[in-house]
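All chains are identified by letter, namely A, B, C, D, E and F, in their written order; residue positions are counted from 1 within each chain.
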Amino acid sequence: MGMLYDFLQNTGFAAMTWGNLMMIIIGIIFITLAITKDYEPLLLVPIGFGVVVGNIPPVAGMALSVYDDGSVLQYIYFGVSQGVFPPLIFLGIGAMTDFSTMLSNPKLVLLGAAAQVGIFLTLIGALFLGFTPAEAGAIGIIGGADGPTAIFLSSKLAPHLLGSIAIAAYSYMALVPVIQPPIMKLLTTKEERLIRMTTPRQVSRKEKIIFPIGAFLICGLIAPGSMVLIGMLFFGNLLKECLVTDRLANTARNAMIDIVTILLGFSVGASTAAKYFLTSQSLLIFGLGALSFCVATAGGILFAKFMNLFLKDKINPLVGAAGVSAVPDSARVVHTVGLQEDPTNFLLMHAMAPNVAGVIGSAIGAGILWTVLAL
Amino acid sequence: MNYSWQNVIDGNGIGITLTGMSIVFSGLALISLFIIALPRVLDWGSRLAAGRDTPSTAQAGASVAMEPSDEEIMAALALVLHLELQHSLGEDSKITISRQQRQGSIWASAGKMRSLSEGGSHA
Amino acid sequence: MNYSWQNVIDGNGIGITLTGMSIVFSGLALISLFIIALPRVLDWGSRLAAGRDTPSTAQAGASVAMEPSDEEIMAALALVLHLELQHSLGEDSKITISRQQRQGSIWASAGKMRSLSEGGSHA
Amino acid sequence: MGMLYDFLQNTGFAAMTWGNLMMIIIGIIFITLAITKDYEPLLLVPIGFGVVVGNIPPVAGMALSVYDDGSVLQYIYFGVSQGVFPPLIFLGIGAMTDFSTMLSNPKLVLLGAAAQVGIFLTLIGALFLGFTPAEAGAIGIIGGADGPTAIFLSSKLAPHLLGSIAIAAYSYMALVPVIQPPIMKLLTTKEERLIRMTTPRQVSRKEKIIFPIGAFLICGLIAPGSMVLIGMLFFGNLLKECLVTDRLANTARNAMIDIVTILLGFSVGASTAAKYFLTSQSLLIFGLGALSFCVATAGGILFAKFMNLFLKDKINPLVGAAGVSAVPDSARVVHTVGLQEDPTNFLLMHAMAPNVAGVIGSAIGAGILWTVLAL
Amino acid sequence: MGMLYDFLQNTGFAAMTWGNLMMIIIGIIFITLAITKDYEPLLLVPIGFGVVVGNIPPVAGMALSVYDDGSVLQYIYFGVSQGVFPPLIFLGIGAMTDFSTMLSNPKLVLLGAAAQVGIFLTLIGALFLGFTPAEAGAIGIIGGADGPTAIFLSSKLAPHLLGSIAIAAYSYMALVPVIQPPIMKLLTTKEERLIRMTTPRQVSRKEKIIFPIGAFLICGLIAPGSMVLIGMLFFGNLLKECLVTDRLANTARNAMIDIVTILLGFSVGASTAAKYFLTSQSLLIFGLGALSFCVATAGGILFAKFMNLFLKDKINPLVGAAGVSAVPDSARVVHTVGLQEDPTNFLLMHAMAPNVAGVIGSAIGAGILWTVLAL
Amino acid sequence: MNYSWQNVIDGNGIGITLTGMSIVFSGLALISLFIIALPRVLDWGSRLAAGRDTPSTAQAGASVAMEPSDEEIMAALALVLHLELQHSLGEDSKITISRQQRQGSIWASAGKMRSLSEGGSHA
């Protein structure tokens, strides 16, 4: 019976900490929110279950967790820790994204640049709080509101904070419908929210095919650090738009992205063992993350108002809020807030332009931060 | 950790922010210019190819293209309706994009051969 | 290799077996208890939520749920029939589960956008 | 012509051994049984062809086989040797398993525990025959009647026996319709085989969603070594049951599990080069494996009869035989044997409950053995 | 502003070389040809975009390109550099190939052997030009007209030439409709091109199932070096033909081959950084590659004419040109050239026999070269 | 690099070529012989199994099988037509092979269970 006693000493019940319990409850809350509120279920369900799995107390000497050499979870987590999964997800996103809203609204692209101010002001905030420059860069990218980009940059600049940054990024992306509307209403007048925008022109197949190649060259040459993320995004988009590689585009946006999403979400979740995750740093990161989403939203809206000073065809400044990316939730939020003022003013198509531009903008931002801070 | 502006200065936070925002804006501004130029270059190219004898129709075509077709207005309305319904109906009304397979190039003919011979009556 | 009970004693075979079977039984017994408790807890929770004013219908619903609907009896019969036929018809009668795709969350709207614009008449 | 002669010296014809020839014939028999008898074709066809490939005599100095560093087959076999493939298969199985038979028959769950006695008695037998404790544990798991679990535990406890254990496990799983019926008839009376069981209650969606999380916590805390296998199983099941991640569940149970099954089966087969496989140990393992399936079947049946001593609603003891797992073949066997006595007594739904419980039971067993024997 | 200046020093615009620019244009030409001419789009689009990405000038100190340790692209390229992707592609090709044309035309199989003379004469040419024997073998395999085989052998014999050899092989495969017709017309008379071949017999399911196993044993035993490629090809074919593993065959020829094709094409393209690619060696390789396709085509045609000296049922010598593999383009070319002479003479089915035999022939050739040159 | 026939001799180019072509021809000739022998062996096996009492019908069947059925001639014509049309219609006329799923073995019954219970009326 000594063996039974020894074994029971090694069960999770014996080694359970309050931290583990708290994290397991957080994981279950993620799953519950995903199922009942439909907040980003494709990410929050895998992450939530991963959090539960990652907080089963480990047995000393057994290779179980993502932090134990040679464990299965570590092999899966390898795609996260080396930054391999995010570009593959971008490949799939490229193969399902239609850039034609952006092609027909070129001036709205700048709103996707303005919202990236959230990245850099958060970086300043993180520096102020005492994080190292590399850590501050990785924290700032939460303001990019783009999960794969945040994971990619964290894996390069601050692997020890990857779990917190990824969880913060995905949490706030899920909470975009809660965070953005008050800021949008605060910074715009009723007249501004009623602005109707002109119907965009149509885009030819040729433009759609040439766009991903040209845009990749611009991004890759101006910020080579963004080459892999942006390259995969536009590669996927070319597979989709060129029409002769439909079967590849279909696999990229179905089986491939699904497999990577499952493995990425689950293993990111499993990396949040209480021992590594429940630190004061994580708390600061969550605070800075909330700040970054607010700053980014404000940045987009205010820049839209600034552009209106010079434009004849006014932009509805609500559309600026979609510049934070968080595709497509922030565009939907813009649409919904617009409908509240005028039920016949459909902003969704207009909001998609800064929305996808914001993805490009934050990937460029990540490339810059990587180059500046890793060298 | 000690909170202080000195950290920001030491970390060159202002420099990174100014550099970063400049590059991000330059990048997206260049993309914006590229998008603006693209249809004009294509248009100019196709007019060049057509021997410059039909510039008027090309322009007419371009202006026509500025207005959405009835079909597209219907599609937009359908989309909006769909998005609204989604809120009230919940999860079960999510769209389903059917999977289309396309056999191309190298493997296309193998696929054809297969469908041909398997369609036969033998074993 | 030498066959002997001493090997079993040295390898603590009996201890491992007793420990192992205890834990396996404990684990599945706990799951069993969890399964038994689950509907009661959910029922109690939903009655709590409903303000305790309709306990009778909730219980009635539960007892109704104990009997399978005609639909399900038909389905069960169909399954059995299917399994039987499978033996006689062999491999070609295997079931085919069609693949359903569901675009959710992040990518859903991108999908919608796509289907919208590709449905248009241009290019 | 010297070169031609040298080359011919390196062909497989020249280096062929009787062992290789015998293994090639075994591989072809596997394929033949899979095709003509429909015995587990999804596993026996890949394994059989892998056996044929793995027994082409290697060329000295060339990296060809799974045992040669840097060979393609070794890279594929990596997922087996490190235990990565089995959890991924469990993910897919979770995404295609309906636990509602079990949720509506909680008492039948215990039958899935009883059948695991096959694991531990086989372990005692293996110790008796002179295997080391770690080897004995890996051999015992054959009695779990679950291929991925057997491969996972062998990769951790006795990698050098992995091929034999995997082949034995899959062979006997394929032979379940041959092995179980005589034992079932021997241990039950005609009256017992005629027992009709009450129609199980229906299960709500909420129960189905909460079940995988709760059951994972129980298993993970009581036997942390089973965390990865059980975690993936219930993760897959949650993806399926929560309804908001259908696309992930679909990919997990289609493209993902297919890819892993192809690579796992083929490379396990290819690891059975005669030189490593045709040993007296393998023969003993096959003998112990047959024993373990018989013991497990008997364990399930006898425990059902034991439970009947205390129950008012009697269990048909045939159903106990489904506790060995070998999903879904042993449940089908129960159904078929039941129909032989009474053509209107449909036991399939009842048998599925201990069947899936047996999967959980053997994964817990594997976790315990890993913890006890690897430390 | 010093930082901005430093950053601009690191942009691609600053580091761009004429070589990079030229390669980017080549990449764009590949994409354009694939889209407008439908030349092998599934390969040329990924390769072309990869060439563009791989020629964005790298930033010193950042892990970006396939040549930088720990970069994402290097992880993806790993499947190419270790030869893992080609066998997986062969698995998918096997699962979509119907060998029944070959089974019903056994004598045409020899044409697939004759065309492999292109491999060996090119090897002699490469030796003459001063390449080492291992390099010459890798260059010769371009004459096999089979992309995965060329990549596999290059990764084993001459990894530093892999990019050039892969690009040459795929380029000429895309150009088969341009290269072959003149040679075909030059080497045949009008009477020969008008020969009608007898309708082939039908093939039973049993033959189709036994064929991949038997043919694998012949190839594997006679040239063990071809074991992995040929093994995967016939494994995939068995999955397809045995009918009991349809779901595996479907995944192998859809999701699996698509994922591998995307990653292989993109990373092969990305390995063509001007610095490594634009060498006089690459130029010689392209020259030898063109030669090898011509020699292979001529070999097939002339051997068909030679066989006609002994046969009563004459072979249309055009069919010999399909022996170069380049499945299915060269068979289509044969069909088209045949129709030009007689619009009612359908050669496609006849041409498929040497076409698939050519795949086997060049894989055997690769196995021989690997064995002879790597030892 | 220096171009010279000496390189070829040093690299044993002729030997490799002769060896290589011999082996390639041997391999494919063996496959050819195997293919020729296969139907005869199978035929002989099935006649052996049938007790040698119906050799004439077996041979008759074989000769019938030499001629393609109407169905197959139609299929061949359709293929050719299809290939021709492909040239004129371009990319949009590429074939689409629909994806068929088959749930087998281990998981088949799980799939059936699923479709059964999900088809029911409860939650």
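By definition in this document, a contact is a pair of C-beta atoms (placed from the backbone, for glycine too) under 8 Å apart; a residue touches a chain by one contact, two chains touch by 3 or more.
Note that this is a predicted model, so its numbers are computed, not measured.
Farthest chain from chain A (centres taken as the mean of C-alpha atoms): F. Mostly differing positions are employed by chain A and chain E in their mutual contact, as under half of the interface residue numbers are shared between these two copies. With chains reduced to the mean position of their C-alpha atoms, the one farthest from chain C is E.
Distance from the chain D centre to the chain E centre is 40 Å, each centre being the mean of its Cα atoms. Between the Cα centres of chain A and chain F there is a gap of 47 Å.
Centre-to-centre separation of chain A and chain C, using mean CA positions: 32 Å.
Multi-chain contact residues of chain A (touching two or more other chains): 3, 7, 38, 41-42, 202-204, 206, 222-223, 243-245, 247, 250, 254-255, 332, 349, 368, 372.
In chain F, the residues that touch at least two other chains are 12, 16, 19, 23, 65, 68, 76, 79, 83, 91, 99-104, 108, 111, 120, 122. The touching residues of chain A, counted against chain D in their complex, run 3, 7, 10-13, 16, 24, 28, 31, 34-35, 38, 41-42, 45-46, 49-50, 52-53, 56-59, 61-62, 64, 70-73, 75-76, 254-255, 258-259, 261-262, 266. On the side of chain D, the complex with chain C involves touching residues 38, 102-103, 106-107, 109-110, 112-114, 116-117, 119-121, 123-124, 127-133, 136-137, 199, 201-204, 206-207, 210-211, 214-215, 218-219, 222-223, 244-247, 250, 254, 332, 335, 346, 348-349, 357, 360-361, 364-365, 368-369, 372-373. Contacts from chain D toward chain A in the complex involve residues 82-84, 87, 91, 209, 213, 216-217, 220-225, 227-228, 231, 234-235, 238-239, 242-245, 247-248, 250-252, 254-256, 368, 370-372, 374-375. On the side of chain F, the complex with chain E involves touching residues 1-5, 7-8, 10-14, 16-17, 19-21, 23-36, 38-39, 42, 65-68, 76, 79-80, 83, 90-91, 99-104. Interface of chain E with chain B (complex): residues 1-4, 7, 38, 40-43, 92-93, 96-98, 100-101, 202-206, 208, 253-254, 257, 327-329, 331-332, 348-349, 352.
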